[in-house]
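What follows is a set of structures for review.
Two complexes are shown next, each including chain A; its partner changes from chain B in the first to chain C in the second.
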Partner chain A sequence: MIPHAPILAIVLPLFAAFLMPVVGILARRRGIKRAREWFAIAAVLVELVIVASMIPALREGQIIPGQFPVYELGGWSPPWGINLAIDGLNLFAAVIVAGISALVVIYSFVCMERDHGLDQYYTLLFLILAGMMGVALTGDIFNLYVFFEIMCISSYALVAFRRKWQSIEASIKYLIVSSLGTSVILLGIALLYGMVGSLNIAHLAQKLPLEPTSAIIVPLALFVTGFGIKIAMVPLHMWQPDAYQAAPSAVAALFSGATATIGIYAMVRVVYTLFGAFAIGIMLAVLGLVTMVLGALMALAQRDLKRLLAYSCISQIGYVLLGLGLGTSLGIQGGLFHLFNNAIYKTMLFMIAGAIIYRVGTSNMDRLGGLWKNMPVTAMLFGVGALAISGVPPFNGFASKWTIYVAGIEAGQPVFTIIALITSALTLAYFLKAFNSIFLGQRPKHLSDIKETPLPMLFPIMLLAVLCIVFGVLPQLGIDIVRPAQEAVMNSGGYISAVLGGA
Partner chain B sequence: MDFNYIIAMLLVALGLYCLLLKRNLIKIIIGLAVLTDGIHLFLISLGYRSGGIAAIVSGEMFSDLPGFAARAVDPIPQALVLTSIVINICIVAFALSLAIYSYRHYGTLDPSKLRRLKE
Partner chain C sequence: MEFGPGFWGPIIATAALLLITAVAWLILIGGRKITKAKPSAQKLQTYACGETLGAEEIHPDSEQFYSPIRRVFRPFYRYIRPAHTGILNTYLFWVIAGLIIIMISIALALG
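Showing the complex of A and B:
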């Protein structure tokens, strides 16, 4: 493990963010082209290495006092100081975030080249990364709130980045709904602090009574609402399609892959580790069902590819919530595995949408058609993504959805499984429709000299497609990745004793 | 003492009312600010103690630590509120700039008229 890896993972993107304008100015003076892009790629790759270096350390159960798995900031041991606590669940989220961010930064190299103000773009991108890392790694509930806000504020700004009417409209809706959500989280934290007098997640978990009293249910409901807004759980999803449609495609890819993962992570950490409320899981599962069905039905009616993908994102998050809400070890495994897979193919599909916009200039499916001849590789990759997301074997979506189906039956909820199966068929239906209207059918005349997606854009998409197939053919590999996270969810006592020691 | 909490919850309710029912972006943003200020007041009240002293140990207080602990106010909520105020300023400033842009693009501040994306 790289020494001080937990804190470096948060500090590095922060420094990279604020160095970005300096790099931009220096590069302009010296006449170096594309300096900030290369700087961004270097920084995000270093970040990925730092995060990845923690995986073997955690697997071997390595313990460095004061540093790993619990990093004590300023040498103050918990519950007095702020600490970063790494367990399987944390690291799982952090690895997804770092990986997706790395690919998105590589993808932005070409995707964003026609935009102005790229200094600000990369600054915001790294700020969002710092926020996400902070949420993923911290062990302090108020710290989690602060990083969550860093993430949210930079994402409002990224949605509004192009300052066209679409982006402004989407951003202002997103801002109002989401700030209401974060205020609600703050109120929940205030109530918890008033009740227990601590802010450390492990300490809070230890001190909260196990039986649900009405005093505990209020902050729990506030947290579920707040994080539910962030992950676009129905009925709190109104902002999400607008934001994903209006944001630049690279940003939409980052949101759907990384930010949604962080939202789910925070939800699981607070509901299961902090409150130990496995009993409310069933409510999450029902909300998940509603979310997945409504998302899929809305997706069927869309004429814009990015909006369709946004609704499909809502629907997939529903699957994750269903798996996690079942509360059995198989259900949680399926949910987390699906979260992992969703990050892979949803990022990939948004990147493909971005590639089509880059070449054609629109994502309105009425104005597309017959692109199969122009962009065969892109079409094939879209096919892989579409089949993976609909849960067709041998792609990764099948492996995780299958786990969730089985978990539903084992948990005595066959109705859930049936609804999930039907939703899966709906997913296939709307993706076939999308594939048909973009790549097959009549080609409008003005589209006849569209070229294939440029290679730097294609590279991250291909990498993700390979991952889709690898985890589909070898699902055991994916389950091995998920298992430490699943064990961490089930074993909140282990987290508490790891953070607080014997105390 | 209880008065604080009542005012805090009134502020939260007022903010929510503005946020959900007003038809003007500026008023909605004011509602957001009032809502979070209500939460801030609630947090500060949690640590407040009438006749309390600042939570800084100095001089002769070292000799009477339990007495100090009984009189000092809780410093943590103050730190939290300070952080949260800064965050809130960012959000309000950003929201106002978006409101300006939306007025330029749409010629109105009515959020229900900002629905071109759905078409």
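Showing the complex of A and C:
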């Protein structure tokens, strides 16, 4: 493991964010082209290496006092000092975030080349990354809130990045709804602090069972609502289609793959580790079902590809909630595996939407058609993503959805499985419609000169498509990646004792 | 894989899918060779509102693509879709409604 890796994973993107304008100014003065982009790619790849370096250390059970798996900031032991606590669950989230961010930065190299103000773009992108890493790795609930705010505030600005009327409107709506969400999270933290007198997640988890059950209802509901807004759980989802449609495609790809993962991580960490509230799993499962069905039916009626993908995001998060809500080992494993797969194909599909917009200038499916002739590779990759998200074998979506279906039956909820299966068929239906509208049929005259997606944009999409196939054909690989996270969810006692030791 | 009772071999399934795809492709190619398309000028004409349109001017309306399926879910589209107004007040109403629903559900679940 790289020494001080947990704190470096947060500090590096933070420094990269504030160095970005300086790099931009120096590059312009010295006439170095694309220096800012190369700096961003280098920084995000180093970030990925730092995060990945913690995986073998965690698997081997390595213990470095004060550094790993519990990193004590300023040498103050928890619960008195702030700490970063690494376990299977948050390392799983951190790896997804770092991987998706790396691909999004590479994709942005060409995708964003026609935009102005890219110093600000990369600064905000790295601030989101720093915020996401902070949320994932911190062991302190107030720190989690602060990093969550850093992530959210940067994302409001990125939605409005292109300064069009539609994007500014979407950003303001997102800002107001999401600020309400973070406010209720802060209120929940205040209530917990008032009850227990601590902000350390492990310390809170240790002390909360001693409190009366009635006292934890309100803070728990506040947390679920706050994080529910971020993951766009129905009925808190309405901001998402506007924001994803209006944001640049690279940003929408990051939101759908990485920030949604962080939202789910925060929800799981708080509900299952902090509150130990496995009893509310059935509520999460039912909300998950409503979310998946509503998302799919709304997606079926969309004309715009990005809006369709946004509703599809809502629907897929429903599957994740269903798996996690079942509360069994297999259910949690399936939910987390689906979260992992969703990050892969949803990022990929938004990147393809971005490639179409880059070449054609619109994502309105009524103005597209017959692009298979012009963009065969992109069309094939879209096909892979569409089949994967619809849960068609042998792609990765099938493996995780199947795990959730089986978990539903094993948990004695066959109706949940039937609803999930029907929703999967609806997913295939709206993706076939999208594929048909964009790539098949008669090509309009104005699209005859359209060229294939540029190679630097295709590279991350191809990589994600390969992952869709690999984790579908060899699903055991995915299960092996997910298992430490699932074990961490089921064993909050292990987290508490790792952080507090004998305290 | 640990998928409960039954058997799922992803590699075997992938091989079988590829084989089926190859067979389907061969049937398609064979069919095209046996029965060749014979389009006449009249068959290629498309009429809309009394006008003849060129093939590249026609595009199916993506919103109507699954209108029969959407008719099955008519109550949903009648009541839920209009709730997605784009008006911020509606969004905030649903956040508050969601908070209340979640709070009641948690209270019931925790007994």
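Rule of thumb we're sticking to: the second predicted complex is superposed on the first by the 500 of 503 C-alpha atoms of A that agree within 3 Å, B and C clash if a C-alpha of one lies under 4 Å from a C-alpha of the other, contacts with A are read in each partner's own complex, and residues count from 1 in each chain.
Just so it is clear, a contact is a pair of C-beta atoms (placed from the backbone, for glycine too) under 8 Å apart; a residue touches a chain by one contact, two chains touch by 3 or more.
Keep in mind that what you see is a predicted model, and the values were worked out from it rather than measured.
When the two complexes are overlaid on their common chain A, residue A:A221 makes contact with chain C while staying clear of chain B.
In the superposed pair of complexes, A:F435 makes contact with neither chain B nor chain C. Touched residues of chain A were counted for both chain B and chain C, and C has more of them.
In the superposed model, A:L180 lies in contact with both chain B and chain C. Judged by the touch definition given at the top, the superposed model places A:F459 against neither chain B nor chain C. By the touch criterion defined above, A:A277 lies against chain C but remains apart from chain B after alignment on the C-alpha atoms of chain A. Using the contact criterion defined above for the overlaid structures, shared-chain residue A:D242 touches chain B and also reaches chain C.
Of the two partner chains, neither chain B nor chain C is touched by A:W372. Under the contact criterion defined above, the residues of chain A that touch both chain B in one complex and chain C in the other are 172-173, 176, 180, 242. Listed in rising order, the residues of chain B touching chain A in the complex are 12, 19, 25, 28, 32, 35-36, 39, 42-43, 46, 76-77, 80, 83-84, 87, 90-91, 94-95, 98-99, 101-102, 105-106, 111, 114-118.
Residues 142, 146, 149, 153, 156-157, 160, 163-166, 168-173, 175-176, 179-180, 183, 186-187, 189-190, 193-194, 199, 242, 245-246 of chain A are the ones that touch chain B when the two sit in their complex. Residues 1-4, 8, 10-11, 13-14, 17, 55-63, 65-66, 69-70, 73, 76-77, 80-81, 84, 86, 88, 90-92, 94-95, 97-99, 101-103, 105-107, 109-111 of chain C are the ones that touch chain A when the two sit in their complex. The residues of chain A lying in touch with chain C in their complex are 172-173, 176-177, 180-181, 184, 213, 216-218, 220-222, 224-225, 228-229, 233, 235-236, 238-239, 241-242, 277, 279-280, 282-283, 286-287, 294, 297-298, 300-303, 330, 365-367, 369, 393-394, 399, 402-403, 406, 409-410, 426, 429-430, 433, 436-437, 441-445, 472-476, 479.
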